[in-house]
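There are two complexes below, and they share chain A, which is joined by chain B in the first and by chain C in the second.
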Partner chain A sequence: MTAVPLLQTSPAPHKVVTQESPWARWTLILLALSFLSLFLLLPLVAVFFEALRKGWEVYLAAITEPDALAAIRLTLIAAAIAVPLNLIFGIAAAWAIAKFEFRGKSILTSLIDLPFSVSPVVAGLIYVLIFGLQGWIGPWLREHDLSIIFAVPGIVLATIFVTVPFIARELIPLMQAQGSEEEEAAIILGASGWQTLWYVTLPNIKWGLLYGTILCNARAMGEFGAVSVVSGHIRGLTNTLSLHVEILYNEYNFVAAFAVASLLALLALITLVLKTLVEAKVAQQTSRGNHS
Partner chain B sequence: MTIEIHDLSKQFGSFTALNDINLKVNPGELLALLGPSGSGKTTLLRVIAGLETADSGQVLFNEEDSTDKHIRDRHVGFVFQHYALFRNMTIFENVAFGLRVRPRKQRPNAPEINHRVTELLQLVQLDWLADRYPHQLSGGQRQRIALARALAVEPSVLLLDEPFGALDAKVRKELRAWLRKLHDDMHITSVFVTHDQEEALEVADRIVVMNRGRIEQIGTPDEVYEKPANPFVYEFLGHVNLFHGRVHQGHAWIGDLEVDAPEYSEAEDLSAIAYVRPHDIEVDRTLNGEPALAAHIVHILAIGPVVRLELAGKDNQSTNSIYAEISKERFRELQLARGDQVFIKPRKLDLFPNHAQNGSIH
Partner chain C sequence: MSTFKQYSVLPGFNLALGFTLLYLSLVVLIPLSAAFIHSAKLTWPEFWSTVTAPRVVASYRLTFGASFAAAVVNTFFGLLVAWVLVRYPFPGKRLVDALIDLPFALPTSVAGITLTAIYAGNGWLGQYLEPLGIKVAFTPVGVFVALTFIGLPFVVRTVQPVLEDIEKELEEAAAMLGATRWQTFRYVIFPAVLPALTTGFALAFARAIGEYGSVIFIAGNIPMVSEITPLLIITKLEQYDYAGATAIAVVMLVISFILLLIINLLQWWVRHRSIKA
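Presenting the complex of A and B:
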């Protein structure tokens, strides 16, 4: 189709009431840009600058030494367990909240938000209180030779706790906006519950799900506070990437610290790009087919 | 397929959506559930479909109790007000869905599905849209696809929830006629919900008028329009004039007008309301011996073959303006103008003694 303007009005400058004067506009833009560069862009550049200060070889050595590799591996393991679990939980919780009415629904909604409102350090401490040596079930765990605190399971638990809201929070408004008529239609047409989930519900939320997963993954890999409490900082064993950065920094090994930090920064940049790409798709999916 | 509904009731919290509903839908009939919003018509339809469960009562399909039957086993086709097409599927996939989700043994093979879907798309005259997505279609097209999708599984009952409610007036009229024709061709037992009395009168074989969770009247369009069972049905179906009067020993008085009311020969000075349709009001310039009510013309709307007069009564027999509809010939003959004094008398009038003006209808 060719776009031909239907009404070519005379070039009289028509002023929109919400339009600010150029002076005001540029001041605002400049203010926002300088704030962003100072507080976001500058640190980001600094990370890569410091990391590469002594050249590529030192950089590569810092991120390939055994302890760093162990930290990368642990971070990946924690994310690989936490993200799929939250994926399943997020879909189940969002499905329940968006499509059904039940007693205690508002409590469930608040519980999902809890990790957002509780300090991660407190979250970590709760796990120490429960599973630690002096904790509620600590003695029982020790008798059976199981260790959760200061070990990988504790790190996974803490990671799951802080990332619980991401996927559910993303899906609930999307599913609420879409309503449950399509599911009703599918069931009337003879589809089973699983067929309805697989062919109707999941395709309708796929972009929102991906968006939530990206955010969830970013948080899972970058989490510091909660993990720091339960980890015990055993090099090569219970150190995640962010904990490893801290240790290196405390040892005045700045170049290595920044080198490892640059990996996290890189992850953030990739997340940002993916997020932007997916965001447009989410908006499209929400608006489409809504009685338009 | 016969649908029988026995003593069906349903509460939503303190709100009574359905109050002891009894209804029989005959095989091959197109039945309309008509009522204002909140009258329980959609709830009734959803209970028949199995999308809601009633608190008490039964739904029988061919004399078989299906109260506890799962939706999947009821073999109903359902058309939603907002279409509820699967937005992530093409039109073809939407219509094929019901066939593709069948258990492997009952599932038709791909060429059969292909054939059946194409056939249905031709039936709704939209086979050229097979590869599009729902959001690329207009409202009227979407609703026709929704109908094709519902018919794909060869349902024994077709249920439609305000099928034309979201469409604009012109498309609605077209689809109405089209649905009527489709039903005449297929003869599938169908129930549709509407709040539009014109739609119900035009399309349905029989109309069930509902209000506040109860059935007010069941009858053919002609019956409910010509012989409304009570004031609610009268006011809900078409324009009507309301008069206040009294009934006494077989006679009714509305102002100076006396009418015979033999069915109320036992009545002893009861207050009553009377309904007269605008086209049942006779207008004359003079009193020719017969009793009539004096009124004067407030407004004249003379577009089309019918002239609509807005009149104000002399006394307070009618709280609102009185509307009368006369033919253009009669209008010319009388040479009426705004402000003229006229005499009106009802050709046909329905009395309901002891009813308050509006409200407490039961």
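Presenting the complex of A and C:
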């Protein structure tokens, strides 16, 4: 659209009234960027710098020693159990909340977010109160020679607790924005519920699902507080990467601590890249829902 | 049933809701109730003297004080960063925008040891701050720094979408009516972002109160001085004082529930505002 100018005024550069002067603009940009460099960029650079302080050989040795490898394995196992379970939970919760109207819906939505507002330390503690030796079913577990606290199952449970909301809270608003017309059409045309979910709903929410999964996975692999309470810190057995960082650091083995930490920082960077790539796709799917 | 749920042609309601409730109960609700039930083992005077012991009260003061200070700093700089990201083009903007979420993605133990290394007496920043008499690592200031780091994304990410939605016409109208740029910001833009800003503040504050991993390395954990409340829970657990740990945990849970309620009300306020606008 090109408007025809009614008045031919002099071509002097006109002032845009909704913008600040360049001077003010660049001051604000500089101020914001200095703050971000100090608080975000500096720590990120420091992790890798400290990790490589004694060179590549020491670095590689630190991340390939048996205890570090065991920590990597346990971190992957915990995430491989927690993420799929929370994925199924997220789809079920979003299906119930976004596709149906029922009483108590807003309470249920708030309850799903509950783990976000609980301190990680408290999250770990409550599992100790149930499965620990003095806990509700601790004595029974002991009689049957089962252990959950200070063992792998406790770590998996604590990881599940802190990551419950991630996928559900991405899917609920996305599915609410998209509405249920397409699913209703599928059902009326004779599709079963599972077919509708598989062929209609899942393709529509796939980017939101991926987005939630990326965030869920990052937290599952990086969780520290909750896992720390239930782990017992047994080297090579109940140490996740995050806990291994702590142990090495407390032993004044700083280079090794930062070497292991750099693996987690790398995971964080990959998460940020994937998240940025997927974000645009999620916005597309949401706006398509709003237009239909 | 008809009063509980509106009719729909879609199947799977019972299965989906049933699974959701079962999962949530097993993983979240029953375990959380364990904290409250366990704390009932203590009599009221025992409970009260545990949660008001001097060392515990000192930890509340530090936890809430540092969380509040960090949330205030994040509110100011969060608004600034969101403003710059929404309004001004500059090189590397997409990269900066992606980096904002680093504190969400970086495991807290990694953040903790890194911040400690930077601010320790021989660290990148510590070596310049210490001669000036500013000690950060192993003091309450360190707790504040760590909590500022982890709270940063909350304000930016709640304010950003609201700033993006503000209509240019409002600002043009203000300018036409003779407002200066500062007046437009103060009387037109600021009231529009205030609900989101308050929500961001509350989210950053709530997260900071429960934070553990990024704080314990830099805090130094000196009793009565730089010991945060979540650490006291761990200390009591390590001494097999389950009742004491649970009592403090219940106090923290109650506070987080109250904050959650306030945040929900604030978010309702944000939605209400944006619908009216």
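As a convention for this text, the second predicted complex is superposed on the first by the 272 of 292 C-alpha atoms of A that agree within 3 Å, B and C clash if a C-alpha of one lies under 4 Å from a C-alpha of the other, contacts with A are read in each partner's own complex, and residues count from 1 in each chain.
Here, contacts are C-beta pairs under 8 Å (C-beta built on N, C-alpha and C of every residue); 3 or more make two chains touch, one makes a residue touch a chain.
Predicted model, so just to flag it, every value in this text is computed and none were measured.
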Touching partner for A:234 - first (chain B), second (chain C), both, neither: neither
Per-residue touch tally on chain A - higher for chain B or for chain C: C
Touching partner for A:80 - first (chain B), second (chain C), both, neither: neither
Partner chain in contact with A:187 - chain B first, chain C second, else both or neither: both
First, second, both or neither for A:164, with chain B first and chain C second: second
Which superposed partner A:199 touches (first chain B, second chain C, both, neither): first
Touching partner for A:146 - first (chain B), second (chain C), both, neither: neither
Touching both chain B and chain C, residues of chain A: 184, 187-188, 192
Of chain C, residues touching chain A in the complex: 3-6, 8-13, 15-17, 19-21, 23-24, 27-32, 34-35, 38, 77, 80-81, 83-85, 87-88, 90, 94, 96-111, 113-115, 117-118, 124-125, 148-149, 152, 168, 171-172, 175-176, 181, 184, 206, 209-213, 217, 230-231, 233-234, 237, 240, 242, 245-246, 249, 252-253, 256-257, 259-260, 263-264
Parts of chain B lying in touch with chain A, wherever the complex brings them together: 49-51, 71-72, 76-78, 80, 82, 84-89, 97-98, 101-102, 134-135, 149-150, 152-153, 166
Touch list for chain A against partner chain C, complex: 17-20, 24-25, 28-29, 31-33, 35-36, 39-44, 46-47, 50, 85, 88-89, 92-93, 95-96, 99-103, 108, 110-115, 117-122, 125-130, 132, 134-136, 157, 160-161, 164, 180, 183-184, 187-188, 192-193, 196-197, 215, 218, 221-225, 228-229, 241-243, 245-246, 249, 254, 257-258, 261, 264-265, 267-269, 271-273, 275-276
Residues of chain A touching chain B in the complex: 181-182, 184-192, 195, 199-200, 203-204, 288-289, 291-292
